[in-house]
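What follows is a set of structures for review.
Okay, so subunit A shows up in both of these, paired with subunit B first and subunit C after.
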Partner chain A sequence: MSENLLEIRNLTKNFGSVTALNNISLDIKTNEMFALLGPSGCGKTTLLRIIAGFEYPDSGQVLMNQSDLLAIPTRTRPVNLMFQSYALFPHMDVFSNISYGLTNTSLSKEEISKQTFEIIEKIGLQEHVKKKPNQLSGGQQQRVALARAIARKPKILLLDEPLSALDKKIRQEMQVELKRIQHEFGITFIIVTHDQDEAISLANRIAVFNKGEIKQISSPQELYENPTNEFVANFIGDGNLLKAVSTGNGFQHPSLGEIVVSHNSGSGKQISILIRPENISLVKASDGAGEITDSVFAGSRKNITIKLRTNEIVRVYADKSASLEIGDRVNLSFKPQDVRVF
Partner chain B sequence: MVKSGGSKTSRHLGWAWASPGLIFLTLFAAIPVLSMLFMSVLTAGRFGGVTTPINFDNFSRATDPIFVKVIINSLLIASATAILSLLIGFPTALFISRLSRKWQVILIVAIILPYWTNFLVRTYAWLVLLNNEGIINKFLRNIGLIDKPIEMLYTPAAVIVGMTYLYLPLMILPIYAALEKVDKNLTEAAFDLGSSAWKSLRTISIPLAMPGILIGFIFVFVPSLGNFVVPELLGGGKTVMIGNLVRDQFLKARDWPFGATFALILALILVVLISIQSYVSKRVNVNA
Partner chain C sequence: MHKRINLSAMVAVFVIIFLYLPITAVVGLSFNQSSNSLIWKGFSLDWYKTIWSNEPIMSSFQRTIFVAVVTTILSLVIGTTISIGLNKLKAGGFLRTFSTAPAIVPDLVLAIGLLTTFSVISMSLSLTTVIISHTVFCTAFVVAVVLARIGLIDPSIEEASTDLGASAIKTLFKITIPQLMPSLIAGAVLSFTLSMDEFVIAFFTNGPETPTLPMVIYSMIRFGVTPEINVLGTLLLVISFVGVILAQRIGKVADSI
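Moving on to the complex of A and B:
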């Protein structure tokens, strides 16, 4: 899992005045499940389309095993794309859709049929071989699209929002399926999503995009625990971002007081601090720093909303049995090591 | 499945919705066809028009080898026109559908505009082009390729070329519309899966655009089959088609019943064609 399969170097792509990708660099390792995560319009699809060969970058390089991928024509790149809309051929049945890529090889008819049925079996589409795409459910169509894209055994499978068209329950099933299939076929997956939960539960590593730039690349856990900038802190997980002023050995917040944390922002600067809702505990106090404005029962816990004197809103996960009511004044406490400073 | 049949009230409502269409069809399809049918079994009046008695002689008269030859000839010329239009029209439509929006609009307008000018004028233009002293022959002679003019005018080929020129927009437009509707992702998926441009055309674009191709074919075939002006102008009266028969029976021989018989045969051929078209496009639509 250590050598780089794909190296993307300083990739830039403009569409007229829109910069879809701005000097992107990232490495993808063999057999990795790599997620590109970011809000709509941040350039995720554009990056996939460059790797697949449907767009050409304005500048930069894409190397596969150290050789120039962009020099290989679209139709012979060892890369396949699973389209956001599936793009199944509506006039062909499931078998013809899945075998389509193999018919473009020099394999014999028997061999094509054999390999296609192997895939059909592995992906669990045996009962649907003769059906047309419009006779399939969303989840089944998704499987056909996946089977069609891996039939040629690409080195990299690109998946553009593969699960976004499915409802929640099937989506979770398919997440498990995707992992199983990735493992079974031993193919590197690059998966695009704007759903952070999906990225977190699927990927080994995640690149967080915003406006054509990469904000951070790391493991899901690292992204959550140690975001390196405000955008990632805000984008990943529920978090409370508060405005504070740095002091030599911590920060000063108008409602929370002076807190000692190690950081290197210097002194007297406007900074943002991140504290996750599960890292805050609440103590009732008549002169508390904030007032509870909302309290929602969420199964295993209570989601509490607090308004600070600065009018900033803080979300806290409290024990479901905690006797905290709307209108109560509370003090907030947290460990300095749970605070991130930007 | 949606509930089929439905209650009495919804069925009545269904008829109500369809009524403008039904009125239209009755006025412009059923009544003319029925009156032709009626006319064809009557006897010709002395100065045109029709009288009794009712008889079926016209149908056996129409099977005379001379007329059968004209009908077959018409079918061949109309088919050749439709095929030539398809061979020119499909690549043109494909080319246009691949352009940017702006250029698509410009070219479509450029194709439709001449269609609005008088078709006699456009047919006469071919007289000027094709005749023995015409531009093409002069040019070929000037560059020394020929020393005697090639007889181009007054041949079936001239009729085919003239009608192709006349009706080409009717081929290009429906094919263009059908190709435009084919999801761009589908052809990209074909390339992604290793297809050549030709294979993606053959396996994706053409099958999915088939309803449009058939409509284009019929749009060109139908007016070609019934045309009598182009055969007369460019075929010089040597190339007789069904349209000429119909016209001659009504206006020259004053045998309205026999003219109606040929018109009926023409209508019959079209019904068969349109049935085939609707069957095929239904199949494609079920799949799409």
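Moving on to the complex of A and C:
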């Protein structure tokens, strides 16, 4: 694949006694759609603001094409930010908002106007050129914010929770649109989000953050299928995390019995196991390991909740035609290769 | 059918009459032909004509407008700077209260304090000292008005301007100040009207050669209320009203952008 555009090396940032970033290292490649994903307060926004130039790290380096990005003043960094609130200039019309970044260059008026209209056309805002931000819908405002942020042709576009303020239908539209624009303009996107669906649907690669540390960096599929730790397992997708005790060649669970799975935790240790809801099938049995406590029709499937004898809750996606009722006792079956051990 | 008498409406009408009767008296008597303003002799515009040739009144009127204009400009510049600074520092309640305090300190206390200060630094009293004094309390009003607005501005709007390559100066004039415009207009009207009819502080801090209009009116009134005073009162009233109405108009326009 292509070379690294951005290299983040041992970045640390404290706010008073709070550690926002703890020795973070991370590479982002040219033309990637990269997501920084994590719960609020995990440090992802701090990293975004350091790259944009609104914060300065306590220690560590940020390199763009091998040269120090932190040495470049905020104003002239080849990085632009699309704010979560959009931060459009309320007293300027759409044209002035989008051309604002270009007016801070040495370009001639004609050239600024030409380039602005090119972007307005590519983003589909032709009908709104003279409107003020408060005359636009949320989706249109976001398009203006996006157009304004890419007008200076940055090497990296930072997007802070780009879809969070939009309703579901426009979200899907914007997802497609963001990918199209990323492709068309050839800009590397770094998306900050707390919403795993947003990250999974947009990004090629995701860095999962928690408490100022990166828990895992991989493709969305890899994060879902092979989380490397309990936090990622819990944060990405629906999953069942159960407590078990490791044995030599598997683990022992009080309700599920002994399961043979290869792992390297050693014997006799407390471990967590992850099984995804779609990987479990249910068999009715009067002496089953669990009892169905809830069953919700969800279109293509039934979402079934089971309470094990250990009082642990397990969620299972069952076929919509399965004859499973609340109160039924069931046994759970799954393939050992679908089990992840932490 | 008996009409029910609404008590609160009656009280309201009474209060409005009570509030506006004195103003009506001033305006009405300014058109009185008699030189004793308490005896109505008939309608006349004579006093409006003679007042233009009354040198002490006209020169003090000019001085007052000059003081008000300079005070307004200084208060706006200083007050806006303080507000932006306090907002950037995320200053807490104490600093905020501290910067708006001169607005609520009794005029008399402020006047004595200013007079003492000027004599300590041996600054001779003149229109300059009046302007400085008026700027002190008008700035406090500007800070109060602008601070209320500046807190409502999304801080990321200024960050966006920087992110898009604008200098700090460009961000201030192209982004921050246009956002503050309604409060700047309100602050300007407040400063102008407060300075224009201010008496106590001007009385303490002014030099003997350059009386302002309220001081001239005060000295005239010792010999009774003449129709000329009513004319002056009416003119001041008109200036204030026009200022407030203009500010509301411009404020509406500024708010809609």
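In this text, the second predicted complex is superposed on the first by the 341 of 342 C-alpha atoms of A that agree within 3 Å, B and C clash if a C-alpha of one lies under 4 Å from a C-alpha of the other, contacts with A are read in each partner's own complex, and residues count from 1 in each chain.
Quick note on the criterion: a contact is a pair of C-beta atoms (placed from the backbone, for glycine too) under 8 Å apart; a residue touches a chain by one contact, two chains touch by 3 or more.
The model shown is predicted, which means the values in this text are computed figures rather than measured ones.
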- Does the subunit A-based superposition show subunit B and subunit C clashing or fitting? clash
- Touch check for A:83: first (subunit B), second (subunit C), both, or neither? both
- Message: So in the superposed three-chain picture, is A:74 touching just subunit B, just subunit C, both, or none of them (first/second/both/neither)?
- Response: both
- Message: Per the contact definition in the header, classify A:317: touching subunit B only (first), subunit C only (second), both, or neither.
- Response: neither
- Task: With the two complexes superposed on chain A, say which partner A:100 touches: subunit B (first), subunit C (second), both, or neither.
- Result: both
- Intersection of subunit A residues contacting subunit B with those contacting subunit C? 52-54, 74-76, 80-81, 83, 85, 87, 89-91, 100-101, 104-105, 132, 148-149, 151-152
- Note on the structure: subunit B residues touching subunit A in their complex are 183, 185-186, 188-196, 199, 203-204, 207-208, 284, 287-288
- Task: Can you check the complex and tell me which residues of subunit A touch subunit C?
- Result: 52-54, 74-76, 80-81, 83-85, 87-91, 100-101, 104-105, 132, 148-149, 151-152
- Message: Under the stated contact criterion, what part of subunit A meets subunit B in this complex?
- Response: 52-54, 74-76, 80-81, 83, 85, 87, 89-91, 100-101, 104-105, 132, 134, 148-149, 151-152
- Considering the complex alone, what residue numbers of subunit C touch subunit A? 154, 156-157, 159-167, 170, 175, 178-179, 257
